[in-house]
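For reference, chains read A, B, C and D in written order, and residue numbers begin at 1 within each chain.
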């Protein structure tokens, strides 16, 4: 198992290097450079030249990228070109906010989605099934920033129950979590419903019943035991997506998260910050996926034995 | 627990259910109610099974064999299927009248079942040992450890090395899986074992091993056996009595001797004729013309009439009543109303 | 292949394709969700056609400062915006952007995705590895970030927004195409096609792709829902279509300042985005059940 | 049970949504004139709140006067509180002694400053002439910062004694005292910088010291006990950046902000609300339309005259800022109420027939003119201008750029835009004219290159105050009114909402507001 995780992380390094190269190239193509954000009114031409040389903007992009890569390989993510603060300090300061927001939204989503999924599976075909799936579908198609704004208007502007921006207390978590979590409900509900329906058609349930296993135990041990696997994968993917920090929700709620930091970095052409954010988010994202795989193996023996033999064949669905 | 002590443990188990008839099915009728049609799967099946004896339920696919087995275990999936009438007594208790909790006590303890496709009959995320131990813990107040030891014994009994108890189903071949299913079924030494075409999904060599293993266990555990199959060879090897099913009704039943050697019902004769005869390889096979009738629109009178070479108009109106021809032999064919009626019988080997 | 034989296979495939489409349509019609989705989508397309024919660009940018922020009334069913323009006309006019993005970006994603996915799936070996690594790289860059950078480089107009959203979906399509090609490839009829001497490329695009079409269609419709939302998200962050053009995401972004007493400015565009995404998602589900019925049971 | 939860959830949501668009507050009447409320009467011995909070427009990631990445208008605001300048310029443009008790200069080239004694820095060091020397040296090699713009003109300095210094400029500059009186030209401490590069720049001689900085989010300032000047009236001052406008208005309503900018749209809502006080000031920023003089169409005078006769400034102001602002009073391109403004230059009034005549005469025949804008309020006014231009048949398209793209698209050498709708701070100082009107400067959005103007500006910078300088500026304004490279539209009025009983802040047209003496009375009448 350890060998497999190590191998997967190693494989991750080249991908990250290509990602940084792409971002550097894209940011270089974008009109305007970091110096343009600093030009004050009285600056003369040679002042601008001096600044450009300070950020190596007069040299071709490859030189800058080479220098950045050099630092990166020595583990130094460099510092934001604008403020001089290291990328790591700014990222680590904002990362808990995004992480907690994602986790709570996921919990909110899962807390509503699993029962809804089981409900829909149990009453499959009846009106309840249609209603729950329709509500879940609505959650999927509702733009989360619009939902965020509506919740902001109703609950903090008119009813003044929840604060409008991030103030560290749990209350300021509520609205963003609902806005962010609502979209997750749909996919997790659908996944729960279809995987439960699939599992309840399997023969080994009949064997269990023939053994005299009581119906309740059939559901908990045999049915859910097998239904968990696709659900966990879906939850893992959902977590991966939100860990990227949804810049939109963070803008609506002035949430000091990583997503907003990236938007800021791009609008101010701060390449090192943008690359730093992407690297760290992508690493977090792949760690989460790795975690999901390990949980996957813990639950599903068939996968675990594949690890043991070292040949991990998983056709990506 | 040495091997000898296992036998004594099993023997005193059997004493509990002492009366002679272990399983009795009387006039069982099961229908599947679908949206636009009703499938009459079983239309009045009755048979008895004594202790330590084996009965074979033979018939083509769709004759209602599996539904009968599920009905005995009261496991017919209730949204479509309903047990219209009849009563099933297992060791003196009527399965159809019991409440679910009571049913759960009987299933696996007094009566258990083996299914056709071993590949999907085992829970993929539980070890083989756990699945056997689960059945033991359900029915006997034993500790987890004891139950697991019992499971290892059962595995050895069915010819699987004990150490493999912690392996998972996907690490076993089809034949081995079927042995595990059998081990699960016999874990609590039930009085009756229903085997629903246990070896159909296996290839011939494994089939022979599994069947002989089942035979030894039957002798050793004094279990009565209901063998459901469409393979007459299996019946000949395993069973004492035979019941031939056609379109949900028993058309002929009796001891092996009665049904094999002096077949009386045309359908049974047709079945034997469609078997290749090893001695007389040149003989031409005579398959039964036509197909099984549509269970949603069963013809009036004798359901076999259209395909029966002896059929008369009377057969098509009157539903043949089952008549007892000898102490053990019954047949349901209206042609026997005429005293001298005989069928050619199939050429004996 | 003599002409007679060709016409023969053509007729049979014609007949065969005919009833397959018919069968899919029949199953689709019975699924209530898909029907609702279809109705909403047709309504939106009708609105778009109506706006193309009857609403001119001047009409929705003319400014009269008298009736600004008028609440929804008979005369202005959706009320008016901060510059006194009729919100309903602007939303109808804006439907063309969202529809274009929905269909266009998925088209880009699908075409590029299928092309590379099927090649990766079919040839395998280092080609497969290379393409899959590129897909991994593309999927590890967060979608919104990619979209933002592309719009910043190319400038903020409809085509660039289309490309930005489309590029983000390519990785998904590549994986989907590869997976379905792998499953189809293992079937016999591909072997037989190769046996009669078909060239590799012809096999891919005449045998393999058509048969792996159903999962792709399903992903495409589902992807339409997500791309409408991500386009609106990009415009909301200011990286989408610029102000005077009434793109729904930009409308919501513009309405943020007046949320306090003109919430209808934010309410209606959001509703239409939701309807569009809802219709696509429902259609996606309906198609999924119609195309491979065994899933439905 | 679960069914009920689901139903309840979506019920609440629907009710909430309808409630949202149900209630209506009175829409603002565009013609309401902004009432400027006078600050409450002078504080007798009243109780004050210990903690005040302020919304700042910019995200402050780092505080360091010499770091080009840390420049924003917020520099001025926390500049007033953390640091002191040599000279303090108050609201009426009078120079009040600050770190320098006296200053004098004969030729406006060499200046002598007598310094205040006994002034303590936050880290306990005493303020001496050496600190000025350090600040000037450090400023001169930090281009791209505000402090560089102020002190780069100092060629050399001579420390007479610990509390006296002479500064010699490169060239005569009448406005040097004004330049160094701005809060963005603080005097920093040498020792603080050397031994703590990270927190060193925070050290100043101002009434507050910086207690905590959460990058891009908030600053916490605490009153400095042994401050040499007038002690602040509050203990703790928090500055926070909130991106979402609705969110910060809610926080103002819930008393989480003592002072907070409010958009023109929300003024009526706070105006007639007894809980709040509104302070307002008109920025000297002039919103303008800049024509690219180098391109054929916009370079053609007739086209510019056609546009001048089409735009309706009243409508632009109404739509863009709900009427809260001042329309350009004269044809002169100058700051609002700034010295040397030629008030009797005629303003070109809207006259569609004349506009059409000029358009015929111009070389324009239907091409699409690209209008570039970046700031939110300029985008709004651009849309109004576009609608007005279409009335006489000019097709336009809006090109919205973010700040860096705008800076690079309008760089002097390769400015490819047709019309730029922007706003610029126009001070009476030669330096701001230079940045708008002379070639090579980035703020010269009109790519205006008129040697006579350049010559006049140099002359004005050299002449000392008085009528001849005014004549030079008038001459410049006349040429601009005739050439119209820029077309002034309006001056923005900005509004700060404050809790009742809060005040004491000085609002400068340059946006560098002084909250050092801000206070909030516990229970106002």
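Assume contacts are C-beta pairs under 8 Å (C-beta built on N, C-alpha and C of every residue); 3 or more make two chains touch, one makes a residue touch a chain.
Computed from a prediction, not measured in an experiment: that's the story for all the values here.
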Work out which chains are contact partners of both chain A and chain B.
none
Hey, which chain is the most central one here, using CA centres?
A
Selected interface, C-D versus A-C, where C-beta contact pairs are more numerous:
A-C
Can you work out the whole-Å distance between the CA centroids of chain B and chain D?
93
Taking the mean of the C-alpha atoms as each chain's centre, how many Å separate chain A from chain C?
23
From the C-alpha centre of chain C to that of chain D, how far is it in Å?
45
If you average the CA atoms of chain B and of chain C, how far apart do the two points sit, in angstrom?
55
Counting only residues that touch at least 2 other chains, which ones in chain B make the list?
none
Per-residue overlap in chain A, given as positions that touch at least 2 other chains:
30-31, 138, 149-150, 152-153, 157, 251-252
Mind pulling the chain D residues that touch 2 or more other chains?
17, 20, 244, 246, 402, 405
Chain-chain contacts as defined at top
A-B, A-C, A-D, C-D
Considering only the defined contacts, which chain C positions touch chain D in the complex?
58, 61-63, 65, 68-72, 82-83, 152, 155-156, 238, 242-244, 256-264, 267
Which part of chain A faces chain D closely enough to touch in the complex?
30-45, 47-48, 50-51, 80-85, 90, 93, 112, 115-116, 119, 128, 131-132, 135, 138, 149-158, 160, 163-165, 167, 251-254, 256, 260-261, 264, 267-269
In their shared complex, chain C is touched by residues of chain D numbered 17, 20-21, 24-27, 30, 244-246, 249, 263, 265-266, 269, 315, 318-319, 379-380, 383-384, 386-387, 390, 398-400, 402, 405
Can you list the residues on chain A that touch chain C in the complex?
14-16, 18-19, 22-23, 26-27, 29-31, 130, 133-134, 137-138, 140-147, 149-150, 152-153, 157, 186, 194, 244-248, 251-252, 259, 262-263, 266, 274, 278, 281-282, 285-286, 315-317
In their complex, what parts of chain D are in touch with chain A?
2-3, 5-6, 9-10, 16-17, 19-20, 23, 59, 61-62, 64, 67-71, 143-146, 148-149, 214-217, 242-244, 246-248, 250-251, 254, 256, 401-409, 411, 424-425, 431-432, 434-435, 440-443
